[in-house]
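Letters A, B and C name the chains as they come in the text, with residue numbers starting at 1 for each one.
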Amino acid sequence: MLELRSINSFYGDVQILFDVSLEIKEGEIVTILGSNGAGKTSVIKSICNLLPIGSGEIYYEGQRIDKIPPYKLINLGISLVPEGRRLFPDMSVYDNLRLGGYPLKDKKTLSDNLEWVMELFPRLKERSKQLAGTLSGGEQQMCAIARGLMIRPRMIIFDEPSLGLAPVIVDQIFEILTQIVHENHSTILLVEQNAQTALEISDRGYVLENGHIVLEGASKELLESPEIQKAYLGL
Amino acid sequence: MNFSYWMELIMSGVVTGACYALIGAGLSLIWGTLKMVNLAHGEFYMLGAYILWVSLTVGNMPLLIAIPIAAVSVVVIAALLHMATIRPLLRKPGWDMSPWILTLGIQILLQNIALQVWGELYQNVPYFWNAIFKPGNLFTISGQRIIILFGTFAVILLLMFIIKKTKLGRAIIATSQDGEFATMMGINTKRVYLVTYGISAMLAAIAGVLMCPVYSVNPWMGTTVQTKGLVVCILGGLGSVEGAIIAGIVMGIVESLTVSVVGSAWRDVAAYLLLIIILYVRPEGLFGRKREG
Amino acid sequence: MKILMKDILERRSRIAGISSLVFFLALLILPFLLTNAYYLHVLILCMIYACITSAWNMIAGYAGVFSFGFQALFGIGAYVSALLSMRLGISPWISMWAGAVAAMAIGAVVAIPSLKLKLLPYICIATMCMGEIIRLAVANFTTLTRGEMGLTNIPKLFADGNRTAYYYLAVAMFVLILAVVVKIVNSPMGMSMQAMKDSQEASESLGINISRTKIRIYMIGAFMAGLVGAFYAHYICILTPTSALGSSLMTSYVAMSLIGGIGTIVGPVLGSFVITIALEVLRALADYRMIFYALLIIVTIIFLRAGIWGSVKEIFISRAERFKNRSKEQG
């Protein structure tokens, strides 16, 4: 569904991604693991064309997307739940969600989808009038996910959804993620530092180090790989 | 020094303040989305007034056609300038400083083009409405001032409606809070930048159109008004449109009181002192939030 | 290969040393080559602008404190020195220093409240307003300053108005101010200034007292501006609030700094010479002069974002980088 072919990306003169290739098939959950500064967020920014790539090609459903302006990606059914949530703090939860459905032309679809995400996250329904900036960390993450679901995306990219959250809430959020996939047959690209949980719910994984893909394989194999256990699982 | 004297003073302050509010609201809107200070803003005010004057005198057009022509032409000029000069620099390294000098350049350019085209003579535009009112025999107010008040009020109401209630408004707010991420929600931020710049230019042009019968039309008329607009925009808390509007009216009243107490030579000093005193007490402005941006 | 890189850097500083020496020698010899007094006048103006733009750039480009009211300090130096020499009969050679000290004092008054502000536009607009207040005050206190009528017949520094003498005095002032700027930029205080610009929080945690450093630098810059202003007053001998305190002066400083290259030593000097001379050459265009000036500013900022010198530097550095990389590969 999504394919990156030999991506090289730069910040100014500094190269941060080296020859990165990866593939995500329809209906899969794929994890990208890596420590801080390994280039995980740069992969996402490259896919979204927020960081134009230096060389390489990116295909989505057979269509080349690395030259498409970022604001058009959502029309292809790609949705991003960014690192650090990035809600619009001065807007209500309701307005944040509505903004998630910005590209929807049809009012009926918008209200249907609003109802759907509110059902997924009943907490948000209770707080829909509250300003997004006043929510707790877990609620903010829920709001960000719900906002990302507003267009009923076929492909969702999650950047560090567990960052800064209590373990209980992380489990809840991952549970909801798997539920979404089963209900909607969405494809998920998950970028995480929390290797254990991420690999448990995903089908396959890639390991990124200093801008290079150093390891890839089925999640089960990765969980058992001694290198992963040593570097990411603290075993 | 009786009641009607003070009433007239305050009314004249509110009228000038309305003009500052329109300029300040536009500057604040531009700061909100583009994160730049537009030092060519007073020139849109000046161009609005000039185009109105030309349409009325040379074109012999009726007022109700001349006003939209002035507003629309200024928007077109602003949009072209935006695409030619601001867009290539937008968000590039040095963006914190480059717009200052760029828009200063545009300011000098537009002022001198106006000087070449229309000359340095001060031109006058007749009052739109030549009536004088004495509500309850308490004070007098001219028809022009009533038009300014209602015109400004209507424009601000429309602006607020656009920002708060429309999809475009939501796109503007989203862009101003998090421009990069707004694109990921399907918002074409480049277009939002262009549209907010155009809307702000139109606000300035309308201010110029409304005020020019009271003052006169000349190539330098925008400079002081722009400085006042900047002051108002900081007083109101940079990026807050409502704040700029309230601060504009307050400053108009303070100025007109200064004129009557100390004399008209100190009018601008009072306005600038007001800013400095308020910033000394509240560094984030009257309505600004702490640690923003 | 490491030696080669070091070689380049050493050669760079040697090139800088030699070329500035050549530049100053040229300034010293020029009066013998230029017989036309008008050319000397233009060069004096260039140096006046170069001094004050370098001072502004030291504050803005290195410390990151953008003052948009700097022209007022120039004007204060000019007015204080002119008034002292005119009303009290003090020798202009002494009143000049009084003008500089007055500018420094006002600079402190301006700096203390505005440096409390964190957001760049707040600082710019607050200082812009203070500059305007000073201009309006000078224009309004007509009994002392004669307002827009202006001060005329200000005492000259050299009895016969000898232009060559003024020229050499300007060169001396220019060299002195530039030397001080270079010295400050390369001093520990200058280093902390650059740290301050890069990250306020980081330098706060390093224990650098930000406001005190900023105020000190602002006052030094203000002293320079005042001194240059006083020199200008006793050179031109006519002062009006618009010519000595107007905001178009500020526009020039900013334009010169940015077009030359902000945050560099050479940039503001280059910008001052280029723009002052360009404005004189453009006199041939008569009415269209300011339009071309504006276009020059706009085009430069769009196509040379780092200014003339900044762009030259960027090219040089990226060449050196490439060279370094190549030598790394070979080594």
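As a working rule, contacts are C-beta pairs under 8 Å (C-beta built on N, C-alpha and C of every residue); 3 or more make two chains touch, one makes a residue touch a chain.
Computed from a prediction, not measured in an experiment: that's the story for all the values here.
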Original post:
Where the contacts of chain B and chain C overlap, which chains show up?
Top reply: none
Original post:
Relative to chain C, which chain has the most distant C-alpha mean position?
Top reply: A
**OP:** Please compute the C-alpha centroid of chain B, do the same for chain C, then give the distance between them in whole Å.
**Re:** 32
Original post:
Taking each chain's centre as the mean of its CA atoms, how far is chain A from chain C in angstrom?
Top reply: 50
Original post:
If you average the Cα atoms of chain A and of chain B to get two centres, how far apart are those centres in Å?
Top reply: 42
Subject >> Where chain B touches two or more other chains at once, by residue number >> reply: none
Original post:
When you check chain A against every other chain, which residues touch at least two of them?
Top reply: none
**OP:** Write out the stretch or stretches of chain C touching chain B in their complex.
**Re:** 66, 113-114, 116-122, 124-126, 128-130, 132-133, 136-137, 139-140, 247, 251, 254-255, 258-259, 262, 287-288, 290-291, 293-295, 297-298, 301-302, 305-306
**OP:** Please name which positions on chain B make contact with chain A in the complex.
**Re:** 167, 170-171, 173-174, 177-178, 180-181, 183-189
Subject >> In the complex, chain B residues that touch chain C >> reply: 31, 37, 85, 88-89, 92-94, 96-98, 100-102, 104-109, 111-113, 115-116, 223, 227, 230-231, 234, 238, 265-266, 268-269, 272-273, 275-276, 279-280, 283, 285, 291-293
**OP:** Enumerate the contact residues on chain A facing chain B in the complex.
**Re:** 48, 50, 69-75, 80, 82, 86, 88-91, 95, 98-100, 102-103, 147
